[in-house]
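Structure incoming, see below.
The first chain written gets the first letter, and so on, giving A, B and C; residue counts start at 1 in each chain.
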Amino acid sequence: MKKTLWTSVTLLSVGALVLTGCSQGASTEPIPPVTNPVAGQVADGILKGQTVTYAADGGTTQDAQMKAFFTPFAEASGVTINQDSPQTLAKITAQVQSKNYQWDFVSAVADTVARNCGVLFEKLDMAKIDTSQVPDGLLGGTECGVPSIPYAIVQVYDTGEFGANGPVTWADFFDVAKFPGTRAIYSGDGVIDSATVQAGSIAAGWDPKTPYTADWANKGIDQIEKIKNNIAFYTTGAQAQQMLESGEAKLGAVWNGRALAAEKNGTKLTPTWDNWISIVDQFAIIKGTPKSEIAYYAINYAMGAEQQAKWTELSGYSPVNKNAKPNIDDLTKKYITTTPERAATAVPVQLDFWKDEAAVSALQDRWSSVVAGG
Amino acid sequence: MNSEVRPGTKVVLGIITAFIAVWLIAPMFIVFPLSFTDDASFQFPPRAWSTRWYESFFTNPQWTDALRNSAIIGTLVAIIAATLGTITALAINRSKSRLSGTVQAIMLTPLIIPPIIAGAGIYTFFLKTDLVGTIFGFVLVHVTLALPLVVIAVNASLSGYDRSLELAAASLGAGRLTTFVTVTVPLILPGILAGVVFAFVTSFDEVIVAQFMVSPALQTLPMMMYTSVTRTTDPTIAAAAALVLGAVLLAFGLYQFVVVPLTRRSRGRTSV
Amino acid sequence: MANAPDTTQFSALSTQAIKSGSAKPNSQRKKSRGNGTRNLLLILLPSFIVLGIFYFYPMLTILVGAFTDPQVGLQNFQWFFGEQVNVDVLWRTLIISFWVTVICVLFAFPFSFFLTIVTPRTRGLLFLIVLVPFWTSMVVRTFAWVILLQDSGPIGEFMKLFGVQSLGLIRTPTAVLIGMAQVLLPFVVLPIYATMSKIDTRLLTAARSLGARPSKAFVSIYLPLSLPGVASGALLCFVMALGFYITPAMLGGSREAFLSTLIQGQVQGLAQWGHGAVIGFVLLFVTLVILGITGYVGKKTGGSVQDMVGGSKA
């Protein structure tokens, strides 16, 4: 019995190693360095035989990114591109610490990138990415990322519920007496959500033209805590969409792409763009990955006008290339955030404040207790 | 045997039992109609019908690869866990060592301790040993989670060597010889088979530790289903769920109505 | 059609030795045919190697982190007990697990009793029903509850006919209770049935012939005899419920978070391994304390912890 056991265990181990061995073959071909990058272009077959892995949030946005950016990139450059999700901080930390890389580059929210810049993410060599066509206001904030998704936390409400007399300002959003109903608010999946807190701060009286402080952040959380019995926290975009579609939430501070998706499924929503919070997700390269050069190629390719147009058509989120001419319907246009009209009322996430690890960790525990507390 | 239970009581109990039975199994059948929806949402009842989500399942290599991976992993786990578990159960049961109680407690630990605790450690461990996304690592971790169930199942059949089984068989109308042949002899075999099934299901359903072991190249079906529910509103998951459920019902039917009667007959022959 | 040996064998699943007293032939054989400790450990070496490397080692590296991450000290414990939310979630985990256990026992008791009074054929069918969910994916079953309980699900649509606009069940503790109890019920039915099937009903007949009313006979004789099964089923259910993650995550909202959910958030989202570890440590500690207490009580009354989870070694 024991002998057969050992035989089978040995056989299985050998089999398993054979099975997995092929996927781990590292290429020995040297990677030609990026020179004179032009957004959206890559030399044919230049990365033949190479592999690279991209990780992001998953779901419909990552599907769109793959279709618009990375699948065509793989076809053009000859690289094999793997994708994974979700790109959790735990896994990035473990990879950087063990120097064993499953992922090479990611798309993550800018404050996370900024907070871990130089530790978990590479400081980018901006000469390797053509960012000349990126709309104003989207670049900067951190040396470790370039914009991948510009989007919004925007207030929307059920048109059928409030009609033309719906809430307008963030103060209205947090006023449950004036506008009763359940609010869909992002839980951050356990992580403090800078944009949502800022929305609360505006309701509490913060003037976006003045510097953002921990004091204002706390006042923002106060606003959320105050109405917590009227909040349904969502953890993923899909949930936010379901809450709006099913009528579970009458108001929401949601991502523009999800409000759009809910409208496409027949839900009538009204967005109010007063002081909407402008968020940027960024492409970032994992600190120390031996494949950073390939990641530069991939990111540079994603910035092209054509790729960005396709991205917008697929996802409903805005392009990060001024010359992108997406072919989209009026409904999608309604939720595009990179227009001068929208820029006029936008409040960006205050990265200077949110990248400060110490300031944020003090707020984090408060956030957890509002989201998961009794 | 409880002839003294009054008919009225029996009817009330029957109603309660029927209610519980419906609550236990009926809900999951909803995935069958839902999987034929034409909408890209979980809206129920569906407004129109189609087979597009089955098409989506079978034409998307992510789903089919995940199904294949889960099947391979589940099978290997079932084989290894059943082997190790049977040896373990036999050894514990037959040993007169004082340590055997402790040994058993150790063996059962993974059933009792929340899997998330080990899961988080497994990711770092796998990175260090290059095991992330390998079938080898996946299988052995799942073996540890499945072992307790195999041990319990085999143990149950070993110490189930008692009157209750014989009584049960007798209550079916079996004579002494039949009781011996059909109960005592195959006693341990059902235990092993049950262990095999439990091990397979444990692996085939595991998400909590799996989320730390999957890689782009190695996704499993429950992971795909779980992320699909939480991150998208794509009814492909309903098709996947319907397929899994259909397979289980089929397997269960086969086991109950084909394997069991066959084993009994062949056992009967060899021992006569 | 379901055959008795099969189903009874399952019924023995979670509680072998609870029927203390009936499995004696086994332990007698043990004495005459035993191996020494050395042999035992030798035979179990493969299992121990696999368990040690792929389970205990990773788990211990995490638990140690509670004391060492980011630096050596008790700061993680201070953090855990200093943040009200952690204590709230700990209570919530205990309370929801408690109610799940109560529901399971309340359902399992009549169900199991009914199993003992029906014909073997009906019993086979009912066992099939108890076991099918046991053998099917928890993800699939929980997903089915998501569809059923959502506002736009069949129950919600049905209630709209009666003017109830929003069902409001999904993302509530009730939804989590319904889902968890369904997953855990088989774990309670099996031990209770195993115990009940061994109760000698002639005792009841005897009591009645001595003049006791049926209800009185039931309460004073049958109920105490079935208690070991109830206790072990309840313990198994409660302990397993404590570690639940998938069901609260899918059916509950952020305010139905369990300790496992918190671990997930601290580790996956924040990379706070020390915080995740300390929550894991507390969860483990609570589990062991409960097992310890029941084990102690069990010993006083003749059972033991392993009996509860299916050991045949008393």
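Just so it is clear, a residue touches a chain if its C-beta (ideal position, glycine included) is under 8 Å from a C-beta of that chain, and two chains touch if they have at least 3 such contacts.
Quantities reported herein were computed from a predicted structural model and do not represent experimental measurements.
Shared contact partners of chain B and chain C, listed by label: A. Averaging C-alpha coordinates per chain and comparing to chain C, the farthest chain turns out to be A. Here the CA centre of chain B is 16 Å from the CA centre of chain C. Inter-chain centre distance (chain A to chain C, centres taken as mean C-alpha positions): 39 Å.
Here the CA centre of chain A is 37 Å from the CA centre of chain B. Those residues of chain A in touch with two or more other chains are numbered 2, 5, 9, 86, 90-91, 235, 242, 245. The residues of chain B that reach two or more other chains are 42, 84, 87, 120, 124, 230, listed in rising order. Multi-chain contact residues of chain C (touching two or more other chains): 43, 46, 150, 152, 264, 267, 273. On the side of chain A, the complex with chain B involves touching residues 1-2, 5, 8-9, 12-13, 16-17, 19-20, 23-24, 53, 57-60, 82-86, 90-91, 94-95, 97-98, 100, 102, 235-239, 241-242, 245, 265. Note for the complex: chain B touches chain A at residues 40-42, 76, 79-80, 83-84, 87, 120, 123-124, 127-128, 130, 132-136, 139, 215-218, 227, 230-233. The touching residues of chain B, counted against chain C in their complex, run 1-2, 4-6, 10, 13-14, 16-17, 20-21, 23-25, 27-31, 34, 42-45, 84-85, 87-88, 91-101, 103-118, 120-122, 124-125, 137, 140-141, 143-145, 147-148, 151-153, 155-165, 167-169, 171-172, 182-183, 186-187, 190-191, 194, 197, 201, 204-205, 207-208, 222, 225-226, 229-230, 237-238, 241, 244-245, 248-249, 252, 256-257, 260, 264. Looking at the complex, you find that chain C touches chain B at residues 1-10, 12-14, 16-17, 19, 22-23, 25-26, 30-31, 33-37, 39-41, 43-44, 46-48, 50-51, 53-63, 107, 110-111, 113-114, 116-117, 120, 126, 128-133, 135-141, 143-148, 150, 152-154, 157, 182, 185-186, 194, 197-198, 201, 204-205, 208, 214, 239-240, 242-243, 245-246, 249-250, 259-260, 263-264, 267, 273, 276-277, 280, 283-284, 287, 291, 304-306, 309-313. The residues of chain C lying in touch with chain A in their complex are 43, 46, 83-85, 88-89, 91-92, 150-152, 165-166, 168, 170-171, 253-255, 257, 261-262, 264-271, 273.
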